[in-house]
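Residue numbering begins at 1 within each chain, and the chains themselves are lettered A, B, C and D in the order written.
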Amino acid sequence: MLKKICAVVTARPSYSRIKTALRAIQNHSELELQLVVAGSALLGRYGNAVDFIEQDGFVIAEKVYMVLEGENPTSMAKTTGLGVMELANVFHKLQPDAVITIADRFETIATSIAASYQNIPLVHIQGGEVTGNIDEKVRHANTKLADLHLVASEEAKERVLKMGEEPNTVFNTGCPSIDLAHYIKENPELNFDPIKKYGGVGEEILWKDGYLVVMQHPVTTEYHSAKKDVLKTLEAINELQIPTFWFWPNVDAGSDGTSSGIRTFRELQKPKNIHFFKNMEPNDFLRLLVNSKCLIGNSSVGIRECSYLGVPTVNIGTRQNRRQRGSNVVDVAYDKEAIKEAILERISATNIKKEVIYGDGTSGNKIAEILAKTSLSFHKTIVY
Amino acid sequence: MLKKICAVVTARPSYSRIKTALRAIQNHSELELQLVVAGSALLGRYGNAVDFIEQDGFVIAEKVYMVLEGENPTSMAKTTGLGVMELANVFHKLQPDAVITIADRFETIATSIAASYQNIPLVHIQGGEVTGNIDEKVRHANTKLADLHLVASEEAKERVLKMGEEPNTVFNTGCPSIDLAHYIKENPELNFDPIKKYGGVGEEILWKDGYLVVMQHPVTTEYHSAKKDVLKTLEAINELQIPTFWFWPNVDAGSDGTSSGIRTFRELQKPKNIHFFKNMEPNDFLRLLVNSKCLIGNSSVGIRECSYLGVPTVNIGTRQNRRQRGSNVVDVAYDKEAIKEAILERISATNIKKEVIYGDGTSGNKIAEILAKTSLSFHKTIVY
Amino acid sequence: MLKKICAVVTARPSYSRIKTALRAIQNHSELELQLVVAGSALLGRYGNAVDFIEQDGFVIAEKVYMVLEGENPTSMAKTTGLGVMELANVFHKLQPDAVITIADRFETIATSIAASYQNIPLVHIQGGEVTGNIDEKVRHANTKLADLHLVASEEAKERVLKMGEEPNTVFNTGCPSIDLAHYIKENPELNFDPIKKYGGVGEEILWKDGYLVVMQHPVTTEYHSAKKDVLKTLEAINELQIPTFWFWPNVDAGSDGTSSGIRTFRELQKPKNIHFFKNMEPNDFLRLLVNSKCLIGNSSVGIRECSYLGVPTVNIGTRQNRRQRGSNVVDVAYDKEAIKEAILERISATNIKKEVIYGDGTSGNKIAEILAKTSLSFHKTIVY
Amino acid sequence: MLKKICAVVTARPSYSRIKTALRAIQNHSELELQLVVAGSALLGRYGNAVDFIEQDGFVIAEKVYMVLEGENPTSMAKTTGLGVMELANVFHKLQPDAVITIADRFETIATSIAASYQNIPLVHIQGGEVTGNIDEKVRHANTKLADLHLVASEEAKERVLKMGEEPNTVFNTGCPSIDLAHYIKENPELNFDPIKKYGGVGEEILWKDGYLVVMQHPVTTEYHSAKKDVLKTLEAINELQIPTFWFWPNVDAGSDGTSSGIRTFRELQKPKNIHFFKNMEPNDFLRLLVNSKCLIGNSSVGIRECSYLGVPTVNIGTRQNRRQRGSNVVDVAYDKEAIKEAILERISATNIKKEVIYGDGTSGNKIAEILAKTSLSFHKTIVY
């Protein structure tokens, strides 16, 4: 009897963070993978992660449409409630031996509730980190609902233990996203033309002599300022006049603010040095990064993959607040001049090391092995 | 401008645990109470808490029907999901300055999500305790979603702090249920005839020379054994032949098991010494308890109110696992002989003290005062 | 390739109305049955139809929990909305070639919407009849959403055609419930002891020398008078002092009113001649009827099966308003004296014929054959 | 006591169809308007009807977010189910004396169910028409759930009566959209620059010497061909090289197909003569139409307003199937050459009359007056 492991992927970036673990589970002789794709991962306007997943050869056990339109805090809550209802059905039908919930996006708590309320052991990937908005609350609530904790760094492991989880349920596996980065570190050449392959909109920038990459998401609890915040970055990039690839934000309350900021700026300023993409295959994205001069924005990619790959990163604002950083990162506020300065400093920095903070490239296999060997239970009590 | 405090009551026992705080909020010159009654508190077959609430003179701002029939773990999860969707609407409309979620019933996390996702400061009442089933996970997840923690004992306060909450957001107010008990301690006479006033079913037992009270709820994660467990208690009580008032369980996954056990036993054994009630006004219930020989079962009332009132308590099974106990409590397993022995020991015990573990009778006022004086925020970060 | 026919059974009485058709579909060489059991058919307190279905050897493709507690018009609407959401998922997964919705219970429109909105041909069983409450609206709305109409009488066929449906999509198959009645007509002996086999509550009445059967459902649009209405019948029966088997009502807004009326009456009047059942296997129920003196209440069984079997029926109130009747039926208002009189008249009537209004006992096979031979489409336009 | 009339607007075009009736209800001395804005009417990417509604000075009683992302038939069904649940709450709270549901969009049945199941008299605007897809089913199902029918033409009135509705509940009021058109007929000058006022995307076409308007919606039951269909129109327009204003489609299953067709065509063909708009204030839109050479597509505006205004219309495909037409309309299939020919014929036609088929410009007042004077009931029975 194989152990049935049900993983729920609710967004494009979550897929990148779990992909090698999914592969390792699929290939493990004692495990059976039940893959559920849900939420914005199914939607065209958030990059159709589902297409990449199917192209990668995964069989999808269930698709769960649960995103309520509105992109405001109320619809975010209602999307989560709907997710609980739908995923309760799904788990009841699939009868998995364990369910995996990934990290800290708002809708991940739907997975946690639907599993734990049905007495299915819950595995939480990438708990124990620290940030600065609703993700912070969701991540730690996921930890308290989960029975097994597969975290991405030693610091995260310490934090989960302090929160009162049983030591024999907490493992530092590193982050599977680093497994992908590991392959790219070995094969770094930019073997495609980004604009030819992905289209996108905006100017046909001359990127071959070096370019920046920007990825800036709205910060939920600062909903009304999302537009103002992103304009600072847009102005900074526009004034620097360095060729830049810019990625649109995920679905989130406030993405309207950010997206609207970008649209407004494009129309009024018609920036000559920026080309916009909706999304990219994960490997292509990493290749784009490793060959870039600098990543700018507030994506966790700057903290994780870029630390491993040694890509200079300018991290803006509070979103990655207190996540463990490597030497590649410089933090700045939402301030045009500070952003410009930090970019210029980073692209000429010489002391950037490649570091092993979030894993050494073997996380996927470690996760599968722990799932196979650990006895899973849904009974737990705080240790103190 | 009054601070609008929205409290969500989802079940009869939760109302008892918050009633004096609701009154104190209502009467406080700086606060406005927005009372939401939801879930099983609206349903006749769980005791129509809503009727007591209205009789007590509270104005109900919104009623939220959210209980999905089925009484299994799947419907428990779906009820919670539906609760998130409905309460998101309610909070969006009421625009409270803070939302109160009470303790650890499964559906309380719906309140927590609907508030925190909409950036409304969340107040959690009675976090930091320890039990042994899904309540345990829900309680601590509520803590991680909440911004202000009003706990019921020093032990609970220590635990919430250890979990990483900011010290200036954690207050030991005691439990408002003790405020009710305080009044009864001063006025203990049994001033009504239980059977005349509440009807109920079963024999017209002769209770005036002493009686037992039983209240045994299903333990969610032991769903399939709920029936077997309650039969042990029924057999023990039946063999003792002491007049007994027995209260039906709340709505919970498994209540079917417990209720079915009771029904089966009644039909087959026709116990001569047991009278069954669905529910009772809180004050009447406390008067019944304070005049009883012993409380038997797994209700938290045995741990809290009975400790304050000095009522002997036989606590069965794991449901109150590791909650701080007074000298009134003896713990036993699901074992007929052990239950019988423990009851006989308790009703003749002489060393039972009245203790102040869960408050001194002023919790309601303390809670209102803290809500009025504390600056409420929805930004938080774990302290370590 | 077999044609996949998905039937949705949402309540115990609906199962009786479709059972022989389900069997015939299952056995048909060109059809595959996909049976979905939903709503109150899954719930213990409405008679656990699901158990009978499984005992009859049907494989259940999906179970859909969708009943929201409350038993008021709001929860009835919300149950229906939830049903649409859940059944949309179910049909999306099962990919049937046609979906069957049965008759006119409030939640049947959920089946109709979930199928027709997904461009799945919709088959409506038992349209074209006339009654007097929300069922009336639901039934005709189902007709307008449906692509194929399998009705139970010539009168019903005429009515569906008048409503503008294409003549080649309307067939009078009779009602499958008559197929069951046909078997009982041939084998009428009461081969079981009702109280021994089904338990129930109330007096151990002496029924062997003749008895009445009562089945009275709440009428939705007269929600507040459900309790008052049923009390008239209770008083009439109590005064007649003829041994009576009384069946509890279905889930419906107002069932609380009816049930509460019954409970109140039992407690206060302790009727000596009434025994109460929750439900009975369909064949046993028909045997009970065929051997009874008279059926009293407002069940459609009195109009249909009892017409075929020649069982005298006193039909109370508006619920069966304008349904085609046989000579077995007498109609009365909610009036104690009128009910008593009508019962006494019926049990001594000598002119009651067995009539073939709702089919001749071969409906199940007719339905399967039409489904196999008809080309199913989801395109339709009103004919005028 | 004013009669409380609750109208539910779920989409931008529905608002145009009801606006003057809303105003007349608001101004009527015996009526009180309760306006609910729901569904895509709240969403930016479908034109933010809510903003126009508020600019027009209406007070919105409730906003209901209910659109589930996905834009496929399954999410259309689930949106409807969610709408039932949410609107049930809304009506329960508002306690209207009647609810208005408008026309035949898929989600309008949610309004009908939520009202009729709660015994609130339901008023259906614009029943009795005939088209060719899911709208056809929804419209007639709305009729069967409704208690009062306010239809837009004599033909529609005849049809509703044939369907079995009581004659004293069916009134031909004309369509309120014609009231708006009436004002524009009197004041036809194009008093704004469309591109300056509304932006939009595409070429800055030279429209002052005459232009076409295109509005083509996906036809739900032909989901997969939506893209192919719209390409025919795009090619025809592109080849004609007449300046054209093109409006994006509404939210509907398939809008993705249509939108995707438009996007693809723009990228590949870069049409020089087309400018694209998302939406326009209703009066501005009518002004644009009355000054245009021809309307092309499948919008009901071509059948209704354009008949009244005498605007030549090329109606493509089955969407307006069998709706009563004036002399302004020519019908064509999805065929490039036929579309081109029809446009050329229409823009030189000389025999186009202004006709009064769908009202004479006083519908809003008629509707309000009928609502005030008619006794509203929720009891109905089919007449035959």
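The criterion applied here is as follows: contacts are C-beta pairs under 8 Å (C-beta built on N, C-alpha and C of every residue); 3 or more make two chains touch, one makes a residue touch a chain.
What you see is a predicted model; the values in this text were computed from it and never measured.
A.B. asks: Which chain lies the greatest distance away from subunit B when centres are computed from Cα atoms alone?
C.D. replies: Relative to subunit B, the chain with the farthest C-alpha centre is D.
A.B. asks: Contact counts by the stated rule: is the higher one at A-B or B-D?
C.D. replies: Between the chain pairs A-B and B-D, A-B carries more contacts.
A.B. asks: Just curious, how far off is subunit B from subunit A if you go by their C-alpha centres, in Å?
C.D. replies: One centre to the other, that is 40 Å.
A.B. asks: How many angstrom lie between the CA centroids of subunit B and subunit D, rounded to a whole number?
C.D. replies: 53
A.B. asks: Got the subunit A residues that touch at least 2 other chains?
C.D. replies: Residue numbers touching two or more other chains: 74, 78, 82, 85-86, 89.
A.B. asks: Pick one for the touching-chains graph, please: line, ring, star, complete, other.
C.D. replies: Looks like everything touches everything, fully connected.
A.B. asks: List the residues on subunit A that touch subunit B in their complex, please.
C.D. replies: Within the complex, subunit A touches subunit B at residues 73-74, 76-78, 80-86, 88-89, 92, 106, 109-110, 112-114, 116-119, 130-132, 134, 136-138, 140-145, 159, 162-164, 220-221, 223, 321-322, 378-382, 384.
A.B. asks: So in the complex, which bits of subunit B are touching subunit D?
C.D. replies: 85-86, 89
A.B. asks: What part of subunit C is in contact with subunit B in the complex they form?
C.D. replies: The touching residues are 40, 42-44, 65-70, 72, 74-75, 78, 82, 199, 256, 267.
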